[in-house]
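Okay, so chain A shows up in both of these, paired with chain B first and chain C after.
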Partner chain A sequence: MVSRKTLIFWFFSVIFAGLLPYLISLYNLHISIYVLQNIIIAVSWNIVAMTGQMSFGTAGFFGIGAYTATFMWELFKFPTILNIFLGGFLAAVASLIFGLICLRMRGIYFAVTTLGLTEALRVTLIMVHAISFRPLGTSVPVMFGGLKQYAYYFILIIGLASIITEFKIMKSKMFYAFTSIRTDEDGATMIGVNPTRYKIIAFVISSFFIGIAGGFYPFYRGYIEPAAVFDVSISIVGIIMPLFGGLYTALGPIIGAIVLTILSEKLRFFLTANQLIYGLILVIAILFMPKGIVGSINSLREKYPFLFPKAM
Partner chain B sequence: MTLLKINGLTKTFGGLRAILNFDLEVKKGQIIGLIGPNGAGKTTIFNLITGFLHSDSGVVYFKDKKINNLKPYQICKLGISRTFQLVKPFLEMSVLGNVIVGSIYGKNEKKISLMNAEKNAIEILDLVKLMSKKNVLASNLTYGDKKRLELAKALATNPELLLLDEVMGGLNPVELSEFMKIIKDINYNGITLVLIEHVMQAIMELGEEIYVLDHGKKIAFGTPAEVSKDRLVIESYIGKVD
Partner chain C sequence: MPDKIFLTVIINGVLIAGVYALVATGLTLVYGVLRVVNFAHGEFVMIGAYLSYYLFLSGIPPVLSLLFAIPALALLGLFLQKFLVNPVLKAPEINQILLTFGLSLVLQSIALILFSPEHVSVRTNYSSLPINIKSISFGAARGVCFFMAFFILLLLHYLIKFTDFGKKLRAIQEDKEAAMLRGINAQNLYYITFAFAASLGGIAGVATSVVMYIYPLLGYAFILKSFCIVILGGLGSITGAMLASLILGVSESIVGFYAPGGSGWGEAVAFILIVIFLVVRPKGIFGSE
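And then the complex of A and B:
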């Protein structure tokens, strides 16, 4: 089923990723953690996109994960990793409830509703802090006593788990359900696919991982506030990365997350123009590579097979 | 044995009476034709049977079970499949992928593995003569092949009752006779069929009994010979002769 070449590729990738903390500076390790966080978000968003739903609620579930983890620590002083998983779990439950209500909506209605949910959560958390006379920002003990290496390994494992989940979905029966719903929901339902059921499955799986990424955030930074974890840019970035890398493909969100995260970090040195350059790169990418990086490579391979001598 | 029974089916859209008091009975193994001028309501009846529309009154029985308020995917799992007049291939998937969806999620969902679904899909592609194009992207198919794919998808769900909506529309004579043979084979293998058709040659040759619909009402019923001589039927197609 899996080719030997693929296994070798993944084996060495994982080894490389595992050795990374010993190969690069602390600053670059921080960026790598950021990259992994974005890989999780991008891969998760892609899973939901495969069912044809465009979610703007990524930040909402990220924030639910973050605040659940924080409250679990504040109330029960559970160990950090348990808090983070509870964050993921609660985000999944929230997505189930939300999904049962809203996943019947199609297209833009669903997108706007998810956006509204995120904003509602952000404002609610601000109000909760105001009513209980708490300052908006909360300090949280940093995991593993601040040793970035271990934080890196934790998020690496979660990242790998999300990638494996995505690949498993792509090779499963569910791939056919997801794709049929996305391409023609009426056609899908007539052929026996229950659209709402599979949209919810995708949504819950996705929100679980996003929630864990969210739970990780405060215990990595040592700090949480509503504006940071319910930031709409988390949702936007979660959409742009799979688009850039290749929507509905397995590698696309991963490549998109790696390239765009590193790009935005390196662009920081252009103090005033960095956002402009980033935006320009995105526009050029959409114009010349509408199918993203992976999609464009696939198109090239079809048109010019001689460029890709070995069959992949 | 009666497979499908419809009693008094009525559907109104605002002020428009689309279907009025429609009755129908299909016995297992039959090929039934449903004909009538454009806008008569034939596709509406299919939509009502398969759960895309809810009727205002009347009952639809499938194997003595009332199926009025079920969703389309539930009705598919009971054993009814349909094709759409405006074909709905899954454009982003290959021909094989399209049919695999049906193989997986038809009547066999819980029990079938991906490998067996693929085998089943290949058998069906062989039946409709699309094997040579199994890896072609559905969006790149010719019109005739898209119609074959539409039929293949419906067959993959392993139906007992197959509703075909103008499946032979727009076919050239070679494709037409191929399709007619395929339909006879499908019926011979035990599948009951209801065909909406405008291609008179096909319906007259294939149909055992024909229902004629005009403005939402049944205006005639009988064998092809009887129906083709019925004055009301001729008038509905050609107009009144004064």
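And then the complex of A and C:
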């Protein structure tokens, strides 16, 4: 059962998130939208990571979502929100096919193939534009006539949906299957868990949300080009934020996304430093706190209980 | 004559495969001995290439800068092995991959800060010299690059097949516990292997500097290709890696010449090869189990 305290915490968090557009400047609202986008990516990546698989292809599915939405608008002039959901849907279908091919293998094969997928898609889209003599970038109308508040509420709803999905998974029987596959795949098979099946389920759910975040991208910015959506830094974001906040935990990716997105936005004045900091965080986190912020707080609490009042 | 053109395309592919083999061999060696997948391996190539560039600016030809690149990269390898790789040797694979990936990000951004993001190149007097043998033509630079790689690979083959060091390496790769019982110091071998792999990357970088542009993200361009080779050849197999680099080099060359849009398809070729192999033969060309 969900405790009363947790319910109250979430109730106030959602109220706060709902009132946010009325409290902050337009620039900070833009950052908040960016934070929510990264929360979706981080939470989705974490769902796959729970099965012990490491995706380096977040940008690939983000891009599939973004380009599906763009092409749907160009070809059929569907309403914006339908385009965005079709982006998520196609990303899910793509991940199903892709997962059937490479999720039978373990660890490194999946990591490398997902990295390759992103690069191949980026190159393919650039080449398709080049061969058909289209300009590389595409303009689309900005959603809700450019009203950032509505865009914020839209991505907030998607973000909440991804968080609720993650929590539902962690409360369900599926989570035990995921954990058993991650800790001992052979053992999991022995007790009747089908690893490939659960890996694919996790991968498809995760890609669906990433695809929606991708579909949102062009309609929020009004412009899209292959290098921007098939950008490896989107995959890096997906990896670093959950790791920083706490892998396999429910709150970790959310905390990681909020802290790191705001940090990197405020550090924008030296661009290359951004990547340097991400790299350093990865190395330091793995060496000194492999359990992330949430995990470190938990082990601190075990070691020094007097530091933490009972109420927490 | 169309078949002459086809031969030229093939030969050019083979020539570039030499460098691919160098990079991939280092990667597969580290995996075979340490069981660590090193995402930062491409950065060794980038560092080697920049070393060659700056030494060239001060008047040292690329072939001689090998003498500097090998010890420099070996030192870097030792350092990284001691402080970064060694602590995670027993950690889960996911941690190892994330660590080396983070390391590659750090090295890339340091390169971006130290060197300008512009593309530079080593322009030797044979850079744009064509060689024609019976109407099959290729750049002399590609030839030099290939022979550098070929020579080092021969040396490596000798080292692994016929020396005491090579025997120990193969023993560790085959069965770590048994090798340690026979008195082989695994820890020392780990250091030597990682340093060795780093210098192989550095050599590949020097060889590349003759034929390609050098830029801070050069390593990233190499890493996907070398992973493709390592997966094709089977993780840990050196012979497999050499054969797989030929496959990748030649396919890239064919696609670059015949496909509409040409060499722009580069990364896609590597990816498609990986997917085909994962479907047909998941353990690679020489992989068993």
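The rule we apply is simple: the second predicted complex is superposed on the first by the 290 of 312 C-alpha atoms of A that agree within 3 Å, B and C clash if a C-alpha of one lies under 4 Å from a C-alpha of the other, contacts with A are read in each partner's own complex, and residues count from 1 in each chain.
We take it that a contact is a pair of C-beta atoms (placed from the backbone, for glycine too) under 8 Å apart; a residue touches a chain by one contact, two chains touch by 3 or more.
Source: prediction; values computed, not measured.
Chemist: Would you check which partner chain A:A120 touches, where first means chain B only, second means chain C only, and both and neither mean what they say?
Modeler: A:A120 contacts chain C only, not chain B.
Chemist: If we overlay the two complexes on their shared chain A, which of chain B and chain C does A:L300 touch? Say first, second, both or neither.
Modeler: Touch status of A:L300: no partner.
Chemist: For the overlaid complexes, name the partner, chain B or chain C, with more touching residues on chain A.
Modeler: More residues of chain A are touched by C.
Chemist: Once chain A of both complexes is superposed, is A:Y176 in touch with chain B (first), chain C (second), both, or neither?
Modeler: first
Chemist: So, A:I191: does it touch chain B (first), chain C (second), both, or neither?
Modeler: first
Chemist: May I ask you to decide whether A:Y109 touches chain B, chain C, both, or neither, giving the answer as first, second, both or neither?
Modeler: Touch status of A:Y109: second partner only.
Chemist: Please indicate which partner A:L7 is in contact with in the superposed arrangement: first for chain B, second for chain C, both, or neither.
Modeler: neither
Chemist: Indicate the residue numbers of chain A shared between its chain B interface and its chain C interface, in ascending order.
Modeler: none
Chemist: In the complex of these two chains, what residues of chain A are touching chain B?
Modeler: 172-173, 176-177, 179-180, 182-184, 186-195, 248
Chemist: What residues on chain B touch chain A, complex-wise?
Modeler: Those in contact with chain A are residues 50, 52, 71-73, 76-77, 81-82, 84, 88-93, 97, 100-102, 104-107, 109, 114, 117, 153-154, 156-157.
Chemist: In the complex formed with chain A, which residues of chain C make contact?
Modeler: 37, 84, 87-88, 91, 93-95, 97-99, 101-110, 112-113, 220, 224, 227-228, 231, 235, 260-261, 264-268, 270-272, 274-275, 278-279, 282
Chemist: Of all residues in chain A, which touch chain C in the complex?
Modeler: Result: residues 49, 52, 54, 101-102, 104-105, 107-109, 111-113, 115-117, 119-120, 122-124, 126-127, 130-131, 232, 236, 239, 243, 272-273, 275-276, 278-283, 285-287, 290 of chain A touch chain C.
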